[in-house]
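Take a look at the following structure, please.
First chain written, first letter: the chains are A, B, C and D, and each begins at residue 1.
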Amino acid sequence: MIAWSAPAADRHAEPPSRRRTRWIDGDPTLRDITDDVMRPLTSRPGAAWWAAFAVAASALAIGAASVTYEVTTGIGTWGLNKTVGWAFDITNFVFWVGIGHAGTLISAILLLLRQQWRTAISRSAEAMTIFAVMCAAMFPLIHMGRPWLAFWVLPYPNSRGPLWVNFRSPLLWDVFAINTYLTISLVFWYVGMIPDFATLRDRAQSPLRRFAYSMLSLGWDGSARTWSRYETASTLLAGLATPLVISVHTIVSMDFATSVLPGWHATIFPPYFVAGAVFSGFAMVLTLLIIVRRVMRLERYITLRHLDAMAKIMLLTGSIVGLAYATEFYNAWYGHNVYERAVFLNRVTGPYAWGFWIMVGCNACAPQLLWIRRLRRNVPILFALSIAVNVGMWFERFIIIVTSLHRSFLPSTWTMYRPSMIEVGTLIGSFGLFFTCFLLFVRLLPMIAMWEVKALAGHRDEATR
Amino acid sequence: MVSWQLAAATAALTCAIAAAVLARELSRVGVHQGYAPAQPIAFSHKLHAGDFRVPCLYCHFGARTSRHAGIPPANVCMNCHGLLQKQTTDLELLKELIDQQRPVAWIKVHNLPDFVYFNHSQHVTAHVECQACHGHVERMTRVEQQAPLTMGWCIDCHRQRRTDFTVPAANLDCGKCHY
Amino acid sequence: MRRDVVVGRFHQEPMVIDAVHAVRSCGLRIADVYSPYPIHRLDEAMAIARSRLPLVALAGGVGGLIAALALELYTSVIDWPLNVGGKPDASLLAFIPIAFELTILGAGLATAAGLLIRSRLAPFGAAPVVDRSATDDTFAVVVHCRDSAIDRRLVEQLLLNYGAMSVESRGLPR
Amino acid sequence: MAEPLTFWRERPEADTSRRDFLTRIGFTLAASALAGCSRGPVQQAIPFLNKPEEITPGVASWYATTCGGCSSACALLAKTRDGRPIKIEGNAESRLFGGGTCAAGQATVLSLYDPDRARGPVWRGNATTWEAIDKEIQPRLTAAAERRVVLLSGTITSPSTRALIAEWSSRFPHFSHIVYDAVSFSGLREATRRVFGVAAVPHFRFDEANTIVGLDADFLGTWLSPVEFTRQYAGRRRRALDQDRVRHHHFEAGVSLTGSNADRRILMPPSAHGATALALLRQIAARAGVAIDGLALDATVDNNAIAVAADDLWRDRGHSLVVSGSNEPSVQVIVHAINGVLGNVGTTVDLDAPSLQKQGDDAAVAALVDDMERGDVHALLVYGANPVYDYREASRFVRAMESVALTVSFADRVDETAAHCHAVCPDHHFLEAWGDAEPVAGSFSLAQPTIAPLFDTRAVQDSLLVWLGRAPGFYGYIRETWRRDRFPRQTRYQSFDEFWDHSLHDGVFETRPAPVAPSRSPERLALPTDAWRAAASEIERGSRDAANRSSTEYELHLYETVALGDGRHANNPWLQELPDPVSKITWGNFVAVSAAAAGRLGVESGDVLRVSSGDRVVELPAFVQPGQSSDTVSIARGYGRERAGRVGTGVGANAVRFAAARVVTLAKTGRQQALAATQTHHSVEGRPIVRTLTRDQLRQHDAAVEAPLATLYPPREGGQHHWAMAVDLNACTGCSACVTACQAENNVPVVGADEVRRGREMHWIRVDRYYGGTDAQLTTAVQPMMCQHCENAPCETVCPVLATVHSSDGINQQVYNRCVGTRYCENNCPYKVRRFNWFQYAGNERFDYTLTDPLERMVLNPDVVVRARGVMEKCSLCVQRIQTEKLAARREDRPLADGRIQTACGQSCPADAIVFGDLNDPNSRVAKLRAGRRHYTVLEELGTRPNVGYLMRVVDDEREQTPHTETRL
């Protein structure tokens, strides 16, 4: 027979776990969420945004000028020499790849781990990943002596025999790793945005926007069947992205680990680099979100609890990195290899020791402050720390690359490296590119996954009914 | 229903065709197959090498000993034409140039990039027919580049000469031609 | 136009679940439910079959793996083996990273493609159904009532009882 | 003419006009477009109009000639391609010099194409024709004939030219020929006159000497005849491997190439030079039981070191040798005395066939300047000398020139002296001219043109002939002198033509000369003579006032560098960028100060010092030179040219103006000028990179050779050959001839001082130099380092595009045109021998050295591509030479004999330290050497398995020459 009346609430009592932390402040209705998230997209950008955009764009211009000059004149415009073949270029590459790791980590791994707090930040973290990987991919390209022939690293049939590529070269592994990572991240990001595009489409006022968003939304209608398939897909992609993200930085670390140079040739590199990547990635997410939540007035969704959670991860990964530093030195001492020892002694006491100590201070020591709960929830402190970690992680790569190269096996070849203005300009430019993209992102795309937050809110309704 | 599938299909097809065309064009960059420039003196290989059966190495004697096959100096022409009565405008031009002590500025037909070291004598020593690379010059009134002269084309022959033991083995080391 | 479905609009997830249960226990068929976010318990409520996307992903992955190994082995063992640092032509260890990457790539792309194709998602795709707010804050339950034996008013009443904000009888979407 | 080597005979150079030459190389210009420049849309091929028999485009021909790079006059072979000389190699036929050359000799081929050469005769600053200038000069000469005409020349080793000059003396009663050497040996000549009664420079035989004591004589680098001496020295060391030991004690103030090779290097300030010689004589005499009075023990010298040296000398008496670089007759007298007492005269000091390589006469030059000032000289012809640049009183010389009615310079460019002359009659480059030479009495060599003159120049000898009123044609003149003087002294050939052709083909003709010195008895020499006593007291007087020197003053030690010598090569980019064998500094000279002095002055390397003596001042950067005598500063001469050309002008400062000064004062300027050094770290950090072996160890386990390291990979099957190289560290002196030879052979770019400072020099082979020990006992080790062609090359694995892979015959190949320039290979190379093209060096005005000017591009080797911007390059083991020899063997259907293939570095090495060959041939030299006890590979623990190996240096005492100890250097 048919039950004519609505059933009693207690039938829907939620399992207590759901109730433990509340990841949204206040209790916005679903529509409030839509409104809040769409506000930046509909309202006119404020002065703060324009100022930020101006700075980012001019940085990008500096970078463009530097790269143009370098590509047309020669790598000689950089400070490299016969002994130090890589410095700023690959340092920046590894730095940006590292940054690019938090995004996928947050959305993929935390999704698998059912960490609900990721919902508010995953979208912007993924965006950050994409932009960071773009910046990273730029450097292997422009560091080539003849970048216009870069396509030779691709195995395609050609009229030279055909002459293929060297699948034993870690640089080639990089090519595949970075491109795969970029592709999968883009797919993951886009698929995640389809339902939100639909929302935008249905809310859009101007026909142009409506058309654009309906193109992007691929005709999404929110049908239950689609949703169910959609969730399977997201889980699958997350499951794929997780090993991917780890493999990518493993491969990047192999650029060094598979070489013969003392200070590069180390089996510890893969885990060490992955931890470092996550570390720097979360630092960058923090830096960005602390600004964004303030500027975009999204404190309600990106709460102090979010910051606290990220701080904990920084504390963890930072400690792993610190341990890795220690291990390297232990091996150098224990291994009794004169070249190895010399390199590590040189790192601590040599001409680049200052960089080494910046690295240790920022990466290993500073994050230890995060043991204190009060600091984890103190926004200015967190911000300062996240900046420090970014700086420190850049120096980590610089120290690994330059101090191993400039004094390796034959003392007769020892030299010093000094960056040229062009290299500095290129570094600035990469930041310009990154922030320009990010600033455009926050204005053109929903920087919080509406449907995911709504799901949270919806469950919350249930829980509190 | 149909609309988007159709659209997608057409889009895919267009891209595929475009890519194919592009690839084909790119693979021909720097390949001058069929290059047959007009020469200052309309010398006919068909006449000399074909009809009169003058051996290639009589004029291009360099090929025996040198990296360059060489363009015959005017005095080689005169070896015969000094005696022959037949006169043509081209021959007069040649004689005129000789009188003025001016060498003939021929146009090179078969050009290799500067980063390739090709040695004629090496191939002559290995009994490679001139025609293997230059085509049937003895049938050409105006010489034309018949082979693509791409690296792949060289390699094919070198590979084949590694398996065919009736001929001197060829080498596949990069450093054989690139240094 | 024929009015062969009844649409009930809800504003809260739990009521939707109940309504769906109720409707189906009446022996009525749910055409579909449109919601701004996935409702997990709706799957069993509507008895939606488990997706076969994992198989697609597996296929894609295997394809990528095979393609990668084939490329690496063909180019560096069969087509043109070269002496690179004295290493063997088939340096399988060195081939692993790229093989792995292409596996992931294949699987990932296959998954995405599978999703889009199976759900008919594409540019110029069909416009949404019931109303625009279904992607915002409305849950729309669509009940099949093509059978003339069904009394639509009873169905509408049922939905209203289960907390629908509004109900309407209308033609099938699409 | 079928005789290839004499193809010029039928066409004396005068007939060959420039255009003719262009026709001849016409084809090549197109071909060198292949070799050098990028590829144009339409390429023209311009054949010969009338092909000379001997030239086939693309085939190299070789001509024997004689080096004009300095007065050593080494016998050479010049390699010409399509009519252009492109490479210099030693003439292995030569008994004196063998196949080796020095760096400067290698570079002379580039100076042929120097765009700054005079393009034609110049009269009073205006270009003119030879006819016109002859009309100007000849009457003036005849006018001056009744008065004084002087030919001021550098040492002339050409007997025919000397004969011609003799004709002048007969034609002009008041003509005199005065020989002026910038670096003079007249002290030695004078001493020989005093002791032996003949003014000559003995011919030294280091190959006969078991113990050598050098007093500030850089005989391996710059002194008298370095190529010959290096050959003798290395040969002696090689023989000593399985014989008794050889000892070399070297006393010097600055660190010279020779000093850095010595077993024992002892500090000796210039002021103690005489005293040291005297003390040595005293010790030797004591051992010989020769009673000498009046030689007091001098406290200012290192008597212990001298005693050790004396012991060795005495042990090897009769087969030892003492040489001194001093230009003081008194000192050289003492040195003669020492050699006399030791009985070395006749064995290691050969006076029967003396050296004719230095004939300068300082007294005569000084007198000449006085005469000129007095206006007694009416015509001055300057040939092969540049007194305005390098005469100790240059300004005075210039003033003196003003009072000469006619001054003519034969310089190849308008140099400092020519600029002050009325007429400049540019001489040919020696590669364009006929000539002959007699560097050592009885050893003759010929020089023949290898290219028609590039410019409107004329051989000096032709000018002299013309002005004598004779027809030009020095070629004929040489033939006549040879018919007259050389032909009778041989019996092998009946007809002169036969004799001439063979001499020209071989390039050398050797015969024992009639003794030039009067009969003298070594016995008499073994006793004190008046000459001794006079010299001794002279020295004692001298060293007494040498002692008083204020504390702010430093003794000055001027020296020649291996690269620039006396400065005549200053405009040669290859030599300017050649790292000094000791300091490793390029592009300019510096003030070498000891660490102690640097501390006192508060300066570091790179601080600019003001060096002054009286009113003469130069400013130069300081260089803290390990092993520098504490109170002495060393400055290289040959720099600071004012009219060398666009490359050499203004590089460094001219230190010759201090030649008169004994001491200088130093002051900080506060300015900085980074030194363009190619090596900035000097300690080997205790790493087993340059290995040594004591003679005992060598004897004990001669058989024992370590087994090769295990490898995880299955061995790859190799090809027909397995090329390998062995570098003998026991023979290598570090002279760096190989560096320039490689640069010439492989079109290696010159990048300039700034790029060198940035650590971007492009040399494919470098000579690493490590210091050890202390300033007082400096130990030095050198190691030529080029691509090691590893079997398991780290560079190959990491290249993404297969631009560097291994060849079937063991060569690590670099494919420039495949390279995309990731520099990963460079990073992963443990030896850091790869070189990256940081800029576009060819055809780039910013790098206008050797690859830009069309004239200079003619020196390019058409068989080696010029690398483009952004690609990696490195040593290819001269694969082009391997190809050529393999092809030749195949064409002639003969096996490829061991030793036929020589890499450029190995060929040029005067010490024969670099051996190349095929390991698949167990009897090849290299295979044998690699099997020997001394062989090792650098960093073998990395498992790179290099095909280039090294042979350990053999020492008598582990403490000597092994800079393995941590040092502060």
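Note that in this section a residue touches a chain if its C-beta (ideal position, glycine included) is under 8 Å from a C-beta of that chain, and two chains touch if they have at least 3 such contacts.
Computed from a prediction, not measured in an experiment: that's the story for all the values here.
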Check: interface with higher C-beta contact count, B-C vs C-D, is C-D
Centroid spacing, where centroids are CA-atom means, of chain B and chain C in whole angstrom | 61
Go ahead and note the Å separation of the Cα centroids belonging to chain C and chain D.
-> 82
Rounded to the nearest Å, the gap between Cα centres of chain A and chain C is 28
Which integer distance in Å separates the CA centroid of chain A from that of chain B?
-> 54
Which chain A residues sit where two or more other chains touch them?
-> 161-166, 168, 172, 219
When you check chain B against every other chain, which residues touch at least two of them?
-> 4
Residues of chain D that touch two or more other chains: which are they?
-> 794, 797, 802, 805, 807-808, 818
Looking at which chains touch which, would you call it a line, ring, star, complete or other?
-> complete
Residue ranges of chain A touching chain C (in the complex, touch as defined) | 2-7, 12, 29-31, 34, 155, 161-168, 172-173, 176-177, 180, 183-184, 187-188, 191, 194-195, 198-199, 201-203, 214-215, 217-233, 236-237, 240-241, 243-244, 247, 251, 254, 450-452, 454-455, 458-459, 461-462, 465
Taking the complex as given, what residues does chain C use to touch chain A?
-> 11-15, 17-18, 22, 25-26, 32-40, 42-43, 46, 48, 50-51, 53-54, 57, 71-72, 75-76, 79-80, 84-85, 87, 91, 94-95, 97-98, 100-102, 104-105, 107-109, 111-112, 114-116, 118-129, 132-137, 158, 161-163
Chain A residues within the chain B interface of the complex | 158-163, 219
Within their complex, state which residues of chain B touch chain C.
-> 1, 3-5, 7-8
Would you tell me which residues of chain D are touching chain B in their complex?
-> 19, 23, 26-27, 30-31, 33-39, 42-51, 56-59, 719, 805, 807-809, 811, 813, 815-818, 863-866, 876, 879-880, 883, 887, 890-891
